[in-house]
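In the two complexes that follow, chain A is the common piece, with chain B as its partner first and chain C second.
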Partner chain A sequence: MSALLEVKDLHAGYGASRIVRGVSLSVEEGAGIVLFGRNGVGKSTFMQALMGMVTPSSGQVLLAGKQLAGRPAHEIAKAGLAIVPQGRRLFPDLTVQENLMLGIRQTPKGWTLDTLYELLPRLAERTAQPAGLLSGGEQQMVAIGRALLRNPSVLLLDEPSEGLAPRIIAELAGVLRTLRADGLTVLIVEQNLKLGLTMSDHVAIMDVGKIVHESTVTEFRRSPDIARRYLGVI
Partner chain B sequence: MNPNMYVRWAIRIVIIVALALAPFLLNTFRLSLLSEILILGLAAVSLSVLVGVTGLPSLGHAAFYGLGGYAAGLLSVHATDSAILGLLVAAVVGIIFAIPAGWLSVRTTGIVFLMLSLAFAELLFSLSQSLRWLTGGSDGLAGIRNPVLLPGIELSTVPSRYYYIAAVVVVVYIMVRRFVDSPFGHALSGINSNALRMDALGYNVSHYRRVAYSVAGVVGAVAGALNVQNARFVAPENFGFMTSAFLLVMVILGGVKRLHGALAGAAILVVARDELSSRFDSWELGLGLILVLVIYFLPGGVASIVERIAAPFKKRREPRATPLGTDESVVSR
Partner chain C sequence: MIEILFTFLNGLGRGLLLFTMAAGLSLVFGLMSVLNLAHGSLLLLGGYIAVMLASGAGLAAALPVALIAGAAFGAVLYFAVKPVMNRGHLDQGLLTLGIAFIFADVAKHFWGNDVYLPAPPEILRGSVGVLGMQYPVYRLFVIVAAAAIALVIFVVVERTRLGAIVRAAVADKQMVAALGYRISFIMGGVFAGAAALAAIGGVIGAPVIGVRPGLDTEMLILALVVVVVGGLGSLRGALVGALLIGQIQTLGVALLPELSSFLVFGVMALVLLVKPTGLFGKVNR
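Coming up: the complex of A and B.
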């Protein structure tokens, strides 16, 4: 199967700080890749560089063969990448529905508000409520819903479980598994190993701005020393 | 319709009835003041679209106010005294200026945008002084006739001009309100809140800011035209720094985040000027004091008073957050 998203030797950072140092990664259509790594190794900067929120200094980001590196974020979003940013990043003064509508990109066959509310019925009950008054779990659902309404080719999720209670993470995992089962291509950065592994088929590990390990989830599970070495998991 | 909507409609109806009855309740001088409040309020509303909705702080909004004024004034002197044509020409002139100025300005934000906006207004101020053959220079443009609403309906009295001004301000305010409440307006709020996030959602931030700049410019120019049709005089001071500064003060007094706050801010400023200038030499000192007090005690502006009063009642009606996601703990691996 050909790679839908291909990243080649991507470098990015802030000013003189080089954070992402030559990352190469392929994401095939329909695949789910989880990117693990300790805090501060450059995972979020990598995701932001993919989205054009941080301008890469060199390298390539190809989505279905189309070069995206260096393009403005809104063009990358229109090309088919969508991100659920770390910390949800909703607009607290806007209602749930207004937040969701900011994400709408009409496609002939794709997510609409109606189909989204079927997936996330709790949001349908709270359409008129300001997003800032929602609980953390509900806010995460709005952030995911907003990204889905862009009907992306590849969905990027940056630590979706951050700050959520275990019970809520289980609910979140259920939603993400449904999306994966529907064939959505996902690249997820996650600190929660269990969540990351249950919704992916490939694992990549980042350390000091580089990918230091790539394998299938099955191979990763069979090699506990990898998690121990790079992630400090005992 | 929920109870909030009933309250809102009741307030709207009370305002419309009060505006309609004002000529019967106020003397000519007070009615002139009310006309001025409405005109300056509309100019402040247009600035609020930039400052409050889009997050672009302008200290040169008088550029549009003055341009609209000169456009309406010159039309009246040289061509026609049609009131509606005066507004339309002002709007066209406003957008002709807003397109290149916006293209240059919205690439910047914050203090740089503020200084650019000031520079544009000062440029027009200087031009209005130097192009004496066209503008009358520092003496101002004389010979502006009473506006004519329809053939035979000349707005020659204070009440007739007041009704015309009130009608235009209400209609334009509703249009601006609808613009701000539209998905486009929500996108502007999003850009104000976090431009990079909106960029990543697929929004061309510069394009949205340019449109907001143009809308603010057109409405500001219409307000400027109304002012000249009412006062039948326009001078370089309409472009002046003080005009821009007062408009910004109105927005801050009323509440940056609330469109209707700009109208309240205009009312406070005009009334304060009227009341204080008759008692003190430096009425601006009193205005400064009011501004400090509002910023210190009412950071949301005077328009937030209503919301503060309504807040306890509102809280009682709002549904409680469901157990979904209570953030009570950090996840263990």
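Coming up: the complex of A and C.
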């Protein structure tokens, strides 16, 4: 039995600088994995390498057994990965509706614009506004909506809480927990421990391009020295 | 008084024709940051297609032919430019200019130095009386047809899913790819579409502007001025710029003939002094 998303010894970087240095990670179907790690250790590079936005130099990325490493981003997207990138990367001049529309990939039982607007009613009131004029929280919801509409088999989330006020983060956590309860498979990178843990069942920690710790969320909560050691938090 | 109206109408037609060229030039630049100096060749291609078909099958038949030939030429241009896409404007400029020179030579080989004015279709010949003066029907048709094309361009780019994909790709190609779209198809398609538009503009304009060697560079330079005045990459800017340059050119010839060629560039310099990004430009590239 292999996992839905299986990463084996993945290496990636930019030109001569090797950033991701042999990462292996399994994501079971229906699981939530949170990837922690200090600033600049290569979390985003890893996520982008999964998505094909950065081309891995070696290693494997298997989605339901299908080799994705080295494929172009549009093929990886079609294979079933979707990303909410760090910094959201909406198309600021396009309206909310247009941003969402670009994500649409119809599946028999998946998300549609209508069901998405039910989940995120605030966006339904902003459909005609340029996405760039929305608040940070609303923009993050658009980025999540755009990725959900692709009906991915695994959703990659890169620091969705970055730059958001605590009240908005709580709202975001609510939405993400709903998605997880629905059975969505998620790999999330977070700096906000609370948000990352509340929606995951596994923890992985990255340090300078390598996974240095893996455990269940329960184990992680029980041993505070892990967080202290790798993340420098109390 | 009526002369002024006619001059205005002439300028309007000219400006709208210019837009069919400038729109593509601007879109291609916005999307790929490639300044296609062979864009004038496409207009000339359309012009010669009009010349060839006007006497036989008729000018209307030249439209689909120009559409297909223009798109094909555009696709060829895209594949030619693709390898130098990340190599800076100088390399791209030299490459596309080289292609323009080759095309100009080939065209001269077939059609020589003559100026051709292909005949409009039967129903668009003659003139209508306006306040006791005669204005050619075909010139009115140019205004209507080019305005219709401009409208189609705007609707497609601003109101369709396809247009949204193109605008998104202008902003962030990598993100568009991560949503499952193949960027090279988008870029090739825009190149081909822009080329087809210029060729169709060449067909429609042929009976009034005169198809001849040198028309390609002449129109390319005007289109470049339009794009610079309007703001690189902005469709609205291209429209406003084209209408403005169209008027300045015809008014200039009518009122200040000895200064007319200076006026166009004078306006460009003025706009750049006041707003270096062009009227509707956002970023200075």
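Simple rule for what comes next: the second predicted complex is superposed on the first by the 232 of 234 C-alpha atoms of A that agree within 3 Å, B and C clash if a C-alpha of one lies under 4 Å from a C-alpha of the other, contacts with A are read in each partner's own complex, and residues count from 1 in each chain.
Here is the rule we use: a residue touches a chain if its C-beta (ideal position, glycine included) is under 8 Å from a C-beta of that chain, and two chains touch if they have at least 3 such contacts.
Quick caveat, the model's predicted, so the values are computed rather than measured.
Considered on the superposed chain A, chain B and chain C are sterically incompatible, since they clash. Of the two partner chains placed by superposition, only chain B is touched by A:Lys194; chain C is not.
Judged by the touch definition given at the top, the superposed model places A:Gln139 against chain B, while chain C stays out of reach. Of the two partner chains placed by superposition, chain B and chain C are both touched by A:Leu102. Using the contact criterion defined above for the overlaid structures, shared-chain residue A:Gly232 touches neither chain B nor chain C, since it reaches no partner. Of the two partner chains placed by superposition, A:Gly183 touches none, neither chain B nor chain C. In the superposition on chain A, A:Gly15 makes contact with neither chain B nor chain C.
After overlaying the two complexes on the shared chain, residue contacts for A:Ala77 are found with chain B and with chain C alike. Comparing which residues of chain A touch chain B with which touch chain C, the overlap comprises 51-53, 72-74, 76-78, 82-83, 85, 89, 91-94, 98, 101-103, 105, 146, 150.
The residues of chain B lying in touch with chain A in their complex are 183, 186-187, 189-190, 193-194, 196-205, 257, 318-319, 321-333. Of all the residues in chain A, the ones that touch chain C in their complex are 51-53, 72-74, 76-78, 82-83, 85, 89, 91-94, 98-99, 101-103, 105, 146, 150. On the chain C side of its complex with chain A, the touching residues are 161, 164-165, 167-168, 171-172, 174-183.
Residues of chain A touching chain B in their complex: 51-53, 72-74, 76-78, 82-83, 85, 89, 91-94, 98, 101-103, 105, 122, 126, 129, 133-141, 146, 150, 161, 163-166, 168-169, 171, 191-194, 233.
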